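Following this line, the structures themselves.
Each of the two complexes below includes chain A, the first together with chain B, the second together with chain C.
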Partner chain A sequence: MPTSHRTSGKHSALATFARRPETGSLIGFVVVFAFFASLGGPVFIGAPGWSSWLNIAAEVGIIALPVGLLMISGEFDFSVGSVVPASSMTAAMLSGHYDLPAFIGIAGGLGVGLAIGFVNGLLVTRTSIPSLIVTIGVMFAVMGLTLGTAVLIKGSTSVSYVPDPTTKALLGQFINGMFNVAILWWIGFAAVFFYILHISPVGNWILAIGGDRESARNAGIPTAKVTIGLFMASGFCAAFVGVAQVMTYQQAQVAGGQAFIFNSIMCAVIGGVLLNGGAGSIIGILLGTMTFAVVNQGVFFAALDPNVGSIIVGALLLAAVLSNDSFRALAMRVAAKKS
Partner chain B sequence: MSDNTAVLEMRKVDKSFGPIDVLHSISLKVKEGEVLCLLGDNGAGKSTLIKTLSGVFQPTRGEMYMDGKPVNFTRPSDAQNAGIATVHQFGGTYPLMSVGRNFFVGQEPTKGYGPFKIYDREKANAIAVEAVQNFGITRITDGDRLVGGLSGGERQSLAIARAVHFGARVLILDEPTAALGVKQAAHVLRIVNEAKRRGLAVIFITHQVMHAMAVGDHFAVLIRGAIAADFRAGEKSREEIADLMAGGESMADLEANIEGYMEAHDGQPPEPAH
Partner chain C sequence: MKLIKILATTTALALTASFAVADEHDGPDIFVIGDKPDDPFWSRVKLGAEHAGLVAEMHGGSVTWLGPQNYDNLGPDAAELIRQAIDQGADAIVAPNWVPEAMDPAFEAVVAAGIPLVIFNAGGIEAADRLGALNYVGTVDYRSGYAAGEYLANDGQSNGACLNSLPGAANIEAFCSGFQDGMIESGGSGSVLQLPATAFGDSTAMAQAVRAHLLQNPDIDALFAIGDQDTNAAISGVQQAGRMGAVEVCGMNFNDSILANIQAGTQACAIDQQGYQQGYFATSILINYVQYGTTIATREILTGPGIIDENNVELVIAGVEAGAR
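After this line comes the complex of A and B, so read on.
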């Protein structure tokens, strides 16, 4: 007995590394990056390559962070797909159509996201309808509302808005003409969510709710508040991306944003978030997002058929789920080593 | 110890859901350092009784007392604050979380001030490992281990150690041995005895008479929502208890017969009829 305690207590650095849930995601990213770096050549490794995939990663990444957190807590949020256009429409409408100051447009857009998140959270916690269904319903409702309002007020499905230089610099600038300022925001959001999930006690609650909601409630965790808060976070982040899009492209469209639904979930899953909740990490979600973005953009640099990119993303998703499962099993087995 | 007033007592508690009466006139009490075994077949109202004791449901009629004073739990957290901890059969532990995080779920130790609270991982792990080791689970030495790698018995023991650590005075164990093998069940029963030795009042819910007899001081048999028998250890034999629980239902009778046969034949089940 005592000898086995010694060995199980002190793992070699390699074994500890292999047990980390992010290891699979890191290996995936390195392999994918190496693959496209070898095909894409110096352009892909240089600033143009980095900026192209980082810009993609930042946009989807800001949404993937809270969506991943929701998945860790056992919920899905499909409504982000319509929050993005709804919030950009709101911002463009307030500041562009009604000529209100930029901060009102921004606050309005973000407010729309928070409100939709609150409704999602309320419906999920007050009814027994699965969040998948609730958020799909809300997504369609918001989509219709956005279209209807836009046509009613503006008589068109797109609204343009030219932001003032400060707003543009904060939300829609390309640094060096290449790197979208959203990358910095993404890093900022990642730091906030890292704090929530891994440093603050709330992170423990999120994991526990995803692991076993009933027991978490019995343990005194305010499960409804946490869930509503997470939905509001994802609404807020999706709205942030929507508002940033207006500032970047100086136009808001009623359509668009649907791609964020599956892309954000994919980033989280590639990053090791468990589909039925209870496990996942911010580092993992970041790596998953970067992997996704590298494949997405690498295909162009490697001059491959764009369809090949979709095939790779699909294969990657399956490989990610498989490898996540085996890494998790490995972690369990190490823990279960019989004495 | 037995002349102390009961830590937790129910007097003539009824619970109905609309027109359906689930519990009828339940009176029971449990003292410090005593194990009360609640026996009952599936559907006898055990779950409703547990939920009433732990504040999930409120009694429709009747009173509950702690240390002789009337109490009224409107939420599970009320019961928890009063020192009543419930450990469920499958719940209470999270397989993909570490031992330390599991132990402190909902009551995380923190460092730092104001809104910038930091989950104190090292403290959590150290306390958790020490607490479970004190309960005799020496195999757990690393607070970062995932609980999913522990055996069912160890997970139950972790949940019990956790409840005791957070100052539980009454421990409600909901079928803790039902899903476990013989060895693991023995493990959990040892933990129950340890909790009893530390002066906790334990309410042990089970339908396995053997497990109940191994730790129980006091027994109550629940049939269709009413207490059909109430006796102390040694007053009834295992067969009598099994008969009581069976309540004349044919399937349960059969089960009791098989159990009786197994006991008479060194644990061998009867030969299947060909």
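After this line comes the complex of A and C, so read on.
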């Protein structure tokens, strides 16, 4: 009797692991890392390799976290692509062009992100337009405003700004000459979003809204407030990356940032976030981001044609969606058997 | 009543607008096909075209800038813009020949429609001759790259890599092959690092690619970047690879931070295409041709390459402050 008991316990532990939503993402990460480690050699496995892909992961990861949360609640945010350059232009313009103290530039840049997020949230909750369309519209509007304002004020499309040492150390420093300080910020953001999604009651609200918005509202969840809050979070995080880029590269450009739109969505999906909402986890998004970054940087260490990287990312995306579906089916089956 | 009034006004305005376009006796309506106007280099080209356009406006004409929304499909997008310019009744067209395979049919349509054409920025005099354009205004991309390669090799560097963040575009390929030849013919060696097309405009992607490439290829001691944003990112990549001082960076185009870097010694040189002049001369040649029938006897009007390094950077900065560059 005790023997059979133990086996069943072991079996259920394995089954629990297999049913965890992050399992697929973890397997994907390990496979991809092993693949590039075998091709990339000692430099890729050492600190230079790790810092190389972690630097990429940190920037896209800071945006992928709130974008993933929005997707869990059933919404998309495409406007992040223009919030990044808008906020970096604002920060560089305030502190570089007008010579105001760094904290005013930073606050201005982040404020732009929060404001754009608020507008997104308001439009999505007050109208019946899908968030995909709302945020694409806002993205183009912000893009035009950024360009217009920059040309009007500065007469050019790039603004330089050399930050003071403290600001540089906080937002644009390379620790040990390699690790971008953004990696620490990414971990910080991840901790905050982990608390929101998995510990605080708001997390369950987000999942419930993604599952069924109507029922969530009927159950007394302030759906509009949660949605607006989430959009403001993604605006804030995209703005944070924009401001950090100014401090890192000492200049802001009107263009750029578009890559973050699809990259952040891909990180979330590879990390197991359900496209139509209702499921996903922070650990999954982190793993998805790391997988994405390893592929992106791995190609350079493995001396592969960079386009191969794009093919791998595309294939991973499809594999992630497929494996999410099968893991979910597995979980459903086991759960059904129990009851 | 109010609504009818508004409708009537709108119709009247629309009619006036369409008459303005249709009027054959108006001054020259020049269409300039360029890149995204938010690109730092292209904003200068656009300014040059607009300043030349003041003369067109004096004659009652106009200068219209058509640029793509993004770089994802550059050749076909630009070809489409050329056809739009024909459809909108252009009196003359200025356009770059970025991707000949995709764009040549559109240029042939321009010439077939009897619209005067000037090729600028990319393609060279060969493209102008092949397509039957009046002239070519711009730099020879190969020579720009060559100048950078030659400069770095003469500066004591021996192994150079060209950072191609826009694979497939003819002018970027020419930058890179020129750079390689410039390095090789001055006694060094050269290669090309291809980046995925999605990396264009993303500083972090460029910086990390450069760094990974330098770590895997410790022999490389010279880099050539194809634009000012890429140049700043490449310098960050060199710093992160711990190769500052050992690897020299040269780049196409310049901005405030690049001039500061040349002053500080973190960047070796910048190759200036003098974009303002490209927009200005290409547009004004056509305005005068359409208005007065005058031509420029010199074929192939070169606006560069000019090399900016520590020896002349002060002069360039003074030029920027004076609004001349």
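In the analysis below, the second predicted complex is superposed on the first by the 326 of 339 C-alpha atoms of A that agree within 3 Å, B and C clash if a C-alpha of one lies under 4 Å from a C-alpha of the other, contacts with A are read in each partner's own complex, and residues count from 1 in each chain.
To be clear about the criterion, contacts are C-beta pairs under 8 Å (C-beta built on N, C-alpha and C of every residue); 3 or more make two chains touch, one makes a residue touch a chain.
Please read all numbers here as calculations on a predicted model, not as lab measurements.
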{"item": "Touched partner set for A:Thr149, first chain B, second chain C, both or neither", "value": "neither"}
{"item": "Touched partner set for A:Ser323, first chain B, second chain C, both or neither", "value": "neither"}
{"item": "First (chain B), second (chain C), both or neither touched by A:Ala208", "value": "first"}
{"item": "More chain A residues in contact [chain B versus chain C]", "value": "C"}
{"item": "Which of chain B and chain C A:Ala219 touches, first, second, both or neither", "value": "first"}
{"item": "Contacts of A:Phe174 with chain B and chain C, given as first, second, both or neither", "value": "second"}
{"item": "Chain B - residues contacting chain A, complex", "value": "54, 76-77, 80, 86, 88, 91-97, 101, 104-108, 110, 117-119, 138-139, 141-142, 145-146, 148-151"}
{"item": "Chain C residues touching chain A - in the complex, by the definition given at the top", "value": "36-40, 43-44, 70, 167, 194-199, 201-205, 207-209, 211-213, 215-216, 228-229, 232-233, 236, 239-242, 255-257, 260"}
{"item": "Residues on chain A engaged by chain B in the complex (per definition of touch)", "value": "1, 5, 8-9, 198-201, 203-205, 207-208, 211-212, 214-221, 274, 278-279, 328, 331-336, 339"}
{"item": "Residue ranges of chain A in contact with chain C within the complex", "value": "43, 48-49, 51-53, 55-56, 59, 143, 146-147, 151, 156-160, 162, 174, 177-178, 245, 248-251, 253-259, 296-297, 299-301, 303, 305-307, 309-310"}
